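Paired with chain B in one complex and with chain C in the other, chain A is shared by the two complexes that follow.
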Partner chain A sequence: MSKPISLNDFDKPSEQLTHLELQELMPLPPPYDNVDEHPRWAPLKPQAREKYACSLDDTIAISLPKPQSKEEERELLEKFVSGLRKLLSREDNWSFLQPLLLSLEHCEKCQSCNESCPIYVSSGHNDLYRPTYRSEIFRRLVNKYGKGQKLRAKIKGEDIDLNWTTLSRLAELSYRCTLCRRCAQTCPIGIDNGLITHEIRKLFSQELGIAPKEIHDDGSMLQLKVGSSTGMNPLVVKDNIEFIDEEMEEMTGISIKTPWDKAGADILLIHNAGEIMAWPENPGAFAIILEAAGMSWTLSSDLVGYDGINYGLWYDDVQLARVALKHAEIAKKLGVKKIVIGECGHASKALTVIADRVLVGNSFVRRESAMTLIADIVDSGRLKLDPSRNNFPITLHDPCNLVRLMGVVEPQRRVLRAIAPQFREMEPHGVHNYCCGGGSGFAIMSGHNFNDWRTSVSARMKFKQILEAFSDCMDPSVKKYVCAPCSNCKGAIRDLLAYYDAWEKSSINYGGLVELVVNAMPEIKEPFIEWEWH
Partner chain B sequence: MADHSALQGKKILVIDDEPDVVTYLGAIIEDNGMTAISARDGAEGIARARSEKPDLITLDISMPEKSGVRMLRELQADPAIASIPVVVVTGLSKDFKGFIHKRRHLDPPDGYIAKPIDEAEVLSVLSRLLG
Partner chain C sequence: MSALMMGLGYLVAVFFCIAILVRVVHFANTPAHLRWELYPVPHEPPEKVEHGGSYLEDTDWWTKKHESDIPNEIKEMLEEILLLKALRTHNRKLWYVSFPFHSGIYLVAGFLVLLILGAVLSALGLVSAPEPGGLARLLFVHLPALLGFIGFAMGLAGALGLLFRRLTEPDLKDFTGPVDHGILVGFVLLFGLAFTCLLTDPTATGFRAYFLGLATATPAALPPLTYLVVLLGCIMLAYIPVSHMSHFVAKYFTYHSVRWNDEAMEPGGKLDKAIQKQLKLPVSWSASHIAGDGKKTWADVAGTNPTKESGK
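Our next item is the complex of A and B:
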């Protein structure tokens, strides 16, 4: 049994604050209930342990190099304090200061939020992963090192020492939360531990330049430089879409030519560019639906205009603003009526409710989720649809960003009820659903053995939900589909299903919503859903 | 030390719009007994492939004017040069490989070199294809 840990252990150097045993994790339902059959975690390599901070738990998320001198260590600690004070100042943190202070100040430590956290529960109730644990560490640091801020702290032993151990553990711990906000939803007074985690990440990124490489260098910076976090420049994306158009035409018999940069179109559709390469059938399905429904739409080949990703959402307000403003600028240049964001919860939230904080005044442009657009198209009767073509068990994953955090709950269900006779809900679902485990960037972070941690811990509750939703048809002879209208969630669910061989063992596959809509169109020549692992 | 003697005398066409990449790849190629020729863009690349008939082509995906994706299609569509092995040089995410491999009317490239370019990887790929 892992040793219980207390808040007072956090700033004390030790080899590792906590360790997880597979047997201690939350049990999974049959046929995955035998822990001995689960993959074993790869241990951290000795070179990684030597080079990077790894005294938190069994994995490394951010590859934070250990300082090579006392001078370097002192500099990091000074920057942390400087960043902490900026985080608490109106001038430097005007965008999120108020909700941050409310959450820091008013938590009553009732611990109600912890049971709602899938990571805490899946870990076997390991104290390190309590939402309140991380927030309380941060409160202690605010009390001791923040200037002019004194928060109420009712927990005994509130002292904390800011040293390399504290700093490196807190940096890592800020990447043990998917920012799903189940804690905030459960809290009787709305304390948002996810926001506190986000702000901690922001402090490390904006002040110390510490962030996962996959998110910053390979994500935000690449997007602003090349046009997309995938590395696709405008020519490559157009050629890739042309490929997809040709194949859609071949598969469906419907002539498809994706419009680019069409001035005056009603809709500027912005996908998560990762869809184009990882799940090309998804942008392909969008093109089929929009053309078949006679919509006036376009993609943009401007830099950033073809990629709805905004990684700044997770860790850096400056990057967030840069990308959001660019999207709005492109929409205005084209003179479209609105931007529609494709199947990506992250992009949807970033460009709607969060970008509201930056797209003010002349920067404003109308934005809409694809869920409402597709639901309107299905409701309108503009498409002929035959639900018998989707007669297999389907469950719906509710992406946190789209559903809990934006309230887009019903449209995708309306669509599924119209086209999927064997649609069944996961429990809980809607705004109470659980995170896929890949939120906040986790789905693209696989360095070291982080994949083991996220599939075994942060995605564990999602796997349990999927298995329970299909408990009446788990036999591999029955092909089953997890509908996940979100790129990031699909990536996480793909890795989750692959980790447990769920396609081979139980015939569980996954995909988006629009693919199911096209699969239901009687005029397409071949079934659109290809039952093969991808 | 790996044996690259089988590469001696081979002619490699480097298609890339970045002069630094052309220089670096060219140096690796020449230092290992091969001949490097280059082209700055897709159109020039196709022309040189036809005229020089290299033993292998390295192809940058992200070029201006014409992307490497389109170039790959054109190379494969020309019977005179379709049999030349093509190695794609790319900084694109790993999903790109999966995307290219699943395309119905395109043969996947014969190899990949990831950016930033690593000499050992280059020689390993070339040896595998030309050795």
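Our next item is the complex of A and C:
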């Protein structure tokens, strides 16, 4: 059992605040119950230890360089304090001021939320990963440095020193939570530790310019620069889609020509562009379904218009607003009736829910998730579907953004109930689901040994759920499918299954929802689902 | 002494009301924030609440009438307020002590309301010295005494339990400071002494005399134990609104303004106008991709592409 970690340990310099042993982590069900067969974690390289802040735990998420001088350190600390004050200001943080103040000022520290956190439970109940631990550290910093209540902090026994150790550990710790907000669901008062994590990330990004490279430089900045975080510019994306159209025709015998920039179309479909690169069968399946259903739709080749991702959702309100405004501007230009977001949870939430109070005045445009559209098409009978073509065990992963945070729960289930005779739920599911472990950017973060931490800790609960859902058919002769209607979740589940060799050992594969719909179309001679690892 | 306690009573009552009002205004006046709801949202129609769904499950939801199930929302609120449903579901061990503590407070609040009401009506001459067996005596003597007995006993049991848990549970110890312990000790003393008071004075004569004194501005001589209870009660009442114990105010906002707030943007509506106004607020976030200078507005920075501005 790890040494208990007190709140008072956080600001005390030490080599590493905690260390996880594989034996301490939450046990997995058979045949993955032998820890000795699990992959060993790659230790951090000496160069990384030398260069970056790494005194929190066994990994590094944000590669925060150590300051080279006292002056540099002082500057960082001063910026942190100014960021704290800006988070408490109505001008600089109108976007989340009320929820933040409510969560900072009223937590009873009853710890009711801890057991709901898959990271805390999966870590073997390591104190550092309690949802309340990070929040309490931040609360103490806000009270002492943001509000200047130094005497109060001493009297209440909540004193904390803001130093390099505190700052760097807090920055890292804000990337040990997937923002799934399962903890907020359980809080009797409505305190939201996920929101506090979100605000800490914002402070670091918006004031200190600190964020994981994958999310900021190679994420939202690259998207704004070339059009997509995948690096695809408009020419490349059109080329790739043309290639996918050809592939689809080859696979299905159905001639597909994806429409581009069709003014006046009913629907502007925006995929997570990662699908185009990593899982081309997903945008391909969308095209087949929409064409077969006779929908009026288009893709956009405008900068940002062909990539629905909006990483700002996880760490930076300004970046969120910039991308959302671009999406709306493109829809306006095309004159579409609505934007439909493809299989991507965070993109759906960012544009439909969060940006609902960004897209005001002339920027306003209607938006919805593809889940409802696909469910309506399936329900309408416009497609001829044969469920027996999907007669293999299928379970459904609920993306947190789509389900707990948007309330889009049933449409994807309506589809599966219609086309998948062996569909079974994970437990718990729906709005009480567990995160895939890749939420809030983790799925695309793999610097240093972060992949080890993610797949072993933050995604561990999801792996347990998947194994339990298929416990009646674990024999590798039975091919099984985890349906994850979200690009980031799919990426996290891919890495998870690969990490534990679950395809080789148990024939567990994964994919999206629309692929299953196309697989059920009888006019397609060969199965659309390819039972090979990808 | 009597006059001093009366003055304290007025002061604390006024302070409590103002401090609570300030807190309500403080939260109510914060700007409209981005949507951050969490499902299930109980005012969705029953067929949606069943699985935690929202109106966003319907294609072209904006063309359909969005009906709210207010009775279910009220039911959910009552279960939460009266039974501490979330704590019961997610932290049963703590619920066993928190539930009697909160129920005790509710009953003590009832006790106080009836005593104050009785005192005010009596001061106005609407209720004279209650006669045995009369309705007024039942309402303003026996009922408050009953509420007080049960409320103080439950509050005492709850406060003792909470103190014990906070002192012994490894999960709670590190998150509980000396002030938290002090407050719980305060509640133990308050409820314990008040209960003792009622044991020695089952019809709450001392308490009634105190409130009648307040209502008529006539200092009343009280037994020493009653003085002590009043003093402790005033201290606790003054502390509640300035501490996290005012979560009964916060809870309204965390649930209605954040967790269950699924209000959709309507072009040209009140929310639209409020957000448009907020987009004109200045930004001073200083990271290079924002470069807020305190003059540029949110609309300015959101409409800027930093990769073009900086040539990155």
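By our rule, the second predicted complex is superposed on the first by the 524 of 534 C-alpha atoms of A that agree within 3 Å, B and C clash if a C-alpha of one lies under 4 Å from a C-alpha of the other, contacts with A are read in each partner's own complex, and residues count from 1 in each chain.
The rule is short, and it goes like this: a contact is a pair of C-beta atoms (placed from the backbone, for glycine too) under 8 Å apart; a residue touches a chain by one contact, two chains touch by 3 or more.
Only a predicted model underlies this, so the values are computations on that prediction, with no experimental measurement involved.
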Exercise. After the chain A overlay, clash or fit between chain B and chain C?
Worked result: fit
Exercise. Of the two partner chains, chain B (first) and chain C (second), which one does A:Ile200 touch, if any: first, second, both, or neither?
Worked result: neither
Exercise. Now for A:Glu247: first (chain B), second (chain C), both, or neither, which partner does it touch?
Worked result: first
Problem set entry | First (chain B), second (chain C), both or neither touched by A:Met277 | first
Exercise. In the superposed arrangement, which partner chain does A:Cys483 touch: chain B (first), chain C (second), both, or neither?
Worked result: neither
Exercise. In the superposed arrangement, does chain B or chain C reach more residues of chain A?
Worked result: C
Exercise. Is A:Thr132 contacted by the first partner chain B, the second partner chain C, both or neither?
Worked result: second
For this session: Look at A:Met521 in the shared chain and tell me whether it touches chain B only, chain C only, both, or neither; answer first, second, both or neither.
Result: neither
Exercise. When the two complexes are placed on top of each other via chain A, what is the minimal CA separation of chain B and chain C in Å?
Worked result: 14
Problem set entry | Residues on chain A lying within both footprints (that of chain B and that of chain C) | none
For this session: Sort out for me which residues of chain A touch chain C in the complex.
Result: 4, 6-7, 79, 82-83, 86, 90-92, 94-99, 101-103, 105-116, 127, 132, 136, 155-158, 181, 184-192, 195, 205-209, 216, 221, 224-225, 317-319, 321-322, 325, 338, 352-354, 356-361, 364, 366, 368-369, 371-373, 375-376, 403-411, 430-432
Exercise. Once bound in the complex, which stretches of chain C touch chain A?
Worked result: 26-27, 30-41, 44, 48, 51-62, 80, 84-87, 89-91, 94, 98, 170-172, 174-179, 244, 246-247, 250-251, 253-255, 257-259, 262, 264-265, 267, 271-272, 275-276, 278-279, 281-290, 292, 298, 301-308, 312
For this session: Sort out for me which residues of chain B touch chain A in the complex.
Result: 61-70, 90-93, 95-96, 98-99, 102-106
Seminar exercise, completed: In their shared complex, chain B is touched by residues of chain A numbered 218, 226, 229-233, 235-236, 238-240, 243, 246-247, 250, 274, 276-278, 280, 534
